[in-house]
Amino acid sequence: MKENSKSRRTFLLGGLLSSLTAFTAMMLYPVWRFIMPPKVPESTQNAVKAAKVNELEPNSGKVFPFGSKPAILIRLANGEYRAFSAVCTHLQCTVQYRKDFKLIWCACHNGRYDLNGNVVSGPPPSSLEPFEVAISGSDIIVSKRA
Amino acid sequence: MDKLKKLSNWFEERIDLSGIRKFMDKKVVPVHKQHFWYGIGGITLFLFVTQIITGILLLLYYRPAADSAYESVQFIMTSVRFGWLIRSIHSWGANLMIFFLFVHMFSTFFMKAYRKPREMTWISGAFLLILALAFGFSGYLLPWNKLAFFATKVGTEMAAVVPGVGNHILMFLRGGEDVTGATLTRFFGFHVALLPITTFFILLIHLVLIQAQGMSVPPSLEKEYNKNPKTMKFFPDFILRDAVGWLAVLGLLGVLAALFPWGLGEKADPFASAPMGIKPEWYFVFLFQTLKYIPGRILGLNGEALGIFVIGLGILFWVFVPFFDHRAQKNLPSKTFTVIGIVLVLYILVMTTISYFFSS
Amino acid sequence: MNLTDILQREDATLKKIEFIILVLSSFSIAAFAQQGGNKSTCIACHQDQDPPLSTPVEQLKTSVHNNPKLSCVGCHGGDPTAEDADVAMSKAKGFIGKPKPEQIPKLCSKCHSSATFMRIFNPNVPVDQYQLYLTSQHGILLKKGDKKVATCISCHGVHDIKKADDPTSPVFPANIADRCGKCHADADYMQGYSIPTDQLSEYKKSVHAQTLYKKGDLSAPTCNDCHGNHGAMPPGLSSVANVCGTCHLVQSEYFSTSPHKEAFDDMGISECEACHGNHAIHRTSDQMIGIDEKAVCTQCHDEDSQGFKTAAIMRNGIDSLATEISMAEAMINKANQAGVEIQDKALNLPNSKDALIQSRVLIHTLSTEKVGEKIKQGLKAATKALEIGRQALKEVGHRRNMLIIMVVLTLLVAGFLVLYIRFREGNDAR
C-alpha cells in the first residue's frame, strides 16, 4: 500500500507541477508580449504626418488618412498650409482641392467650400471641420483642434 | 526538498518565523455542509489581485486625458500584442469581482457570520463593498466612450440630490460643473491611487481579523457541528481547494475575454445629446431603477432626495446589521433577518431584470 | 388767456395740474393721429366684417407685407383715410377692387421691379421677377390672353405672403411641388394644354423627392430648381445636361465630352433624361449599365454595335469591383463581430468604395479606358482591404485556438489538483 501510494503521490505531484509550469508559462507569455512595446510605439490617432515640407506646390491639396476618416491638406498660393476634415458635410463624400476653382470641391453634388472650409455654394449644410497644422522638421503634422 | 530545507534554515537563522509556522500549521477550517462558501471571499480576493495585475499592465499604455484616453485604449486593443486580452480580462474581471463580492456578502449575511466576535469584519467588509463599487464607477469612465460618459453624467447627477452638501459632492466628483476631461483625470487618480491605497489598508484589517478569529460556523449548523467538530487544515488542504476555485475563475476569465471581448464603442462627445436608454453598470442598475419609480414629490418633499435618504438609511442599516440582529448575537436562529436578506436579494434581482428587459 | 396768465393765477398749483393734463391729452391725440399706415380705415372697417371680407385682415397679420409703410391701397388703390366706404373705395380715388389675373404680374412689379423702392425694405432682394416672368411659359401665354396660367398670387398667395424660407410658405422648398401640382396635376384644369399632368406623381417617386421629403435635405431639387421659378420653362433638349449639371457637375461634364452628347442632340433626344427620366428620376443602380433587358444601353444599342460591347465591358468591371468590396467588407464585419478591432490605417476600404462610385460616374464618358483605370485603382485598394479582413479573421481563429489550449491546460491542472486533494484526503483518512 505504502509503495503504491508513494508512487501515486509522485505521479500526482509530478503531473501537477508540470502542468502548473506549462500553465504558468501560458499565462506569462501574453504578459511578456504585452509589456514589450509594439512596432509603432504610440497611438497616432490624433496627430498624423500628412506630408513632407516641400511635397505640395502652392495652390494644391492632398487627401490623406486621419484616424479612420480622410482629411485634406491644402497649400495656398502664398505658401500657407491649412487642413480640414475631407468628409463633405452633405452626404459624406470625400472632397478634393480644385486648382482651377482655388476652392475645396465635392464631386458628388458640386458642393464648394472656401479656403476657410466655409460653404460657398451647393448643398453642403455646414463648414468643414478645421484641423491644426504644425511643421516639425521636414514633416507637416496635422492634429485635431483642442 | 533538501534545498528547500536549506533555504528555510537560512531564514530561520536570521528571523524567528516559528510563530508564523505554528499559526500556519494550526489554522483550520470547519468542515460542514456549507463550508464551500468559505472559499468565495478568497475568489473575490483572487479577482482583486487579477485586477491589480491587469490594471498595472494597462497603465503601461493608457493615457488619462480627454483627447487621448479613447485613442490609447484603441491602441491597446489593436496594436499592443495581447492588448485585447489584458483589457478584456480587466473589464470582465471587474464585473466578476463585484459579482462574487455580492455572493460573498450575502453568504456571510445568511450564515450570520457578522455576529460576535466578527462585527468589525462585517463592517470592514461593508467598506470594501463601497470601495469596490467606487473602483467600478471610476474605472468605467476611463475609456472615455459615449456610454461611459453619459453613465457617469447620470450617476454623478444623483449626488447633487443630497440636501445641503449635494452640490459640493457633485463638484468634487466631477472636478467642475459638468463631466469633462477634468472628471476623467480625477477619476483616474481615484482609480489608480486613492482607492487602491485605501482598499489595501481596509483589506489588511479585514484579512487580519479573519486570520485571528478563524471561520464562523452558522448558528443553524452550530449544534450539529459542536457534537462532532470536523476541521480541515488551511495549509495545504483548504488552500488547494481554494486553488481549484481560482483556476476555474481564471479559466472563466479567459473564455469570456476570448469569446465575448469587451467593446470600445464611440468616443465621448460632450456636445452630443444622450442616446436613449442610458444605464449605469449592472451593479448600480437596481438603485437606478428604484429612483426611476419614485414620484417627483412625496408629501411636499423632493422625491429623489427622499429616495436617496431612504436608500442611505438602508445602507446604514445594512452596515450596522450586527448591532441590530440581537438574536444572532446570542447564537439564536434569527429568521427575521434571513427574510430581510432574501427580500433584498429578490429586490435586486427583480429590479435589475426589469431595468434590462422592461424599461427603456 | 395765455400760458403766463394761467401760471400766474393765484391758485397756481391747481391750474398747473390742469395745464399739465391739457398738454398730455393733446400729445396723445396727436400721437394717435400719427399712427397711419395699417390703422387705415380699410383695416378698421374690414376687421369688423364677417369672412370672407375680414379674412384678408387676419392673413395680413402674418404676411411679409405687414409693414406700416405698406398698405392695402398699395395694391388696391382707394383712400385709406376716408371713413365712408363709398369714398374710400371709389374709382376716383384709384380703387381697382379685386385685380384681374392678367393685371397681377404688372401690379406686383410696380413695387417689386423697382430697386429704389425695394431697397427701403431689403437691399438684397432681387427685382427681376417680372422680367423673368415675361420669358416664362406662364408669362408668354398670359400675354396671349390665357387667363388660366399661374401669376404671382398662384404661387405666393395673396394677403398672407410669406418669405420662401418660412416653412409655412407655399414656396418653401418642401411645399413647391405641391403648389405647382395644384394646376399641373389637375387633369381637368389642364385640359386643352398639350402637356402631361403626371409630373407631380412621377416626381414624388423620385430619389430627389425622397431626399427632400424623407431626409429633409432642403438642397434636393424640386420643380423650380430645374425649371426656374419666375422664368419657369422646361429646359431645352440640348441644355438638359447643363441643368442637371448645376449639381451633378461631373456627370454633366463627362457626358458633354462623350459621343452621346452630339448623337443625342442630333437625334432630338433630351440628354440625361433619355436614361434617367425627367421627373421620376430613380436612384441609379449598376443594373442600368449592361447588356440585359434591364439596362438602358440596350434600348438603343444592338448586339453587334460598339455601344453594346462597351456596355458589357463597363458592367463587368464595375461588378468585379463591387464584389471584391463586399467580400472585404463582409470579412471585416465578421472579424469586428468576433471582437477583433480592425485598423485600416490607409483607408483601403473607404478608398475602394470611393473608386467604385467614381467608376460608376465615369461611365458617362463612355470610355472603357477611363472606367477601366479607375476600376483597377479600386481593385488594388479593395484587395488590400480584403487582405486586412483575412488577417483579422485569421486572428479570430488564432484566438480561438489559444483559448482551447488555455482551457485544456486549465482543466489539466485542475484535474491534477483535484486528484491530489482526493489522494491527500484519502491518505489522511487512513
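First chain written, first letter: the chains are A, B and C, and each begins at residue 1.
Quick note on the criterion: contacts are C-beta pairs under 8 Å (C-beta built on N, C-alpha and C of every residue); 3 or more make two chains touch, one makes a residue touch a chain.
Quick caveat: nothing in here was measured; it's all calculated off a predicted structure.
Student: If I rank A-B and A-C by number of C-beta contact pairs, which comes first?
Tutor: A-C
Student: Of the chains shown, whose Cα centre falls closest to the middle of all protein Cα atoms?
Tutor: A
Student: Roughly how many whole angstrom separate the Cα centroids of subunit B and subunit C?
Tutor: Centre-to-centre distance between subunit B and subunit C: 56 Å.
Student: Using mean C-alpha positions as chain centres, tell me how far subunit A is from subunit C in Å, no decimals.
Tutor: Whole-Å distance between the two chain centres: 36.
Student: Residue numbers in subunit B touching 2 or more other chains?
Tutor: Counting only residues that touch two or more other chains, subunit B contributes 74, 79, 250.
Student: For subunit C, what residues touch not just one other chain but two or more?
Tutor: Those would be 406, 410, 413, 417, 420.
Student: Touching residues of subunit C toward subunit A in the complex: what are they?
Tutor: The contact residues of subunit C facing subunit A are 217, 219-220, 245-250, 344-347, 350, 354, 357-358, 361, 405-406, 409-410, 412-413, 416-417, 419-420, 423, 427.
Student: Can you check the complex and tell me which residues of subunit B touch subunit A?
Tutor: Touch list, subunit B to subunit A: 57, 60, 67-68, 71-72, 74-75, 79-83, 85-86, 250.
Student: Quick check on the complex: what are the subunit A residues that touch subunit C?
Tutor: Per the stated touch rule, the residues are 5, 8-9, 12-13, 15-16, 19-20, 22-23, 26, 65, 68-70, 90, 93-94, 107-110, 122-125.
Student: Contact residues on subunit C for subunit B in the complex?
Tutor: 338-343, 399-400, 402-403, 406-407, 410-411, 413-414, 417-418, 420-421, 424-425
Student: Which of the residues in subunit B end up touching subunit C in this complex?
Tutor: 74, 77-79, 84, 88, 236-237, 240-241, 243-244, 247-248, 250-251, 254-255, 258-261, 263-264
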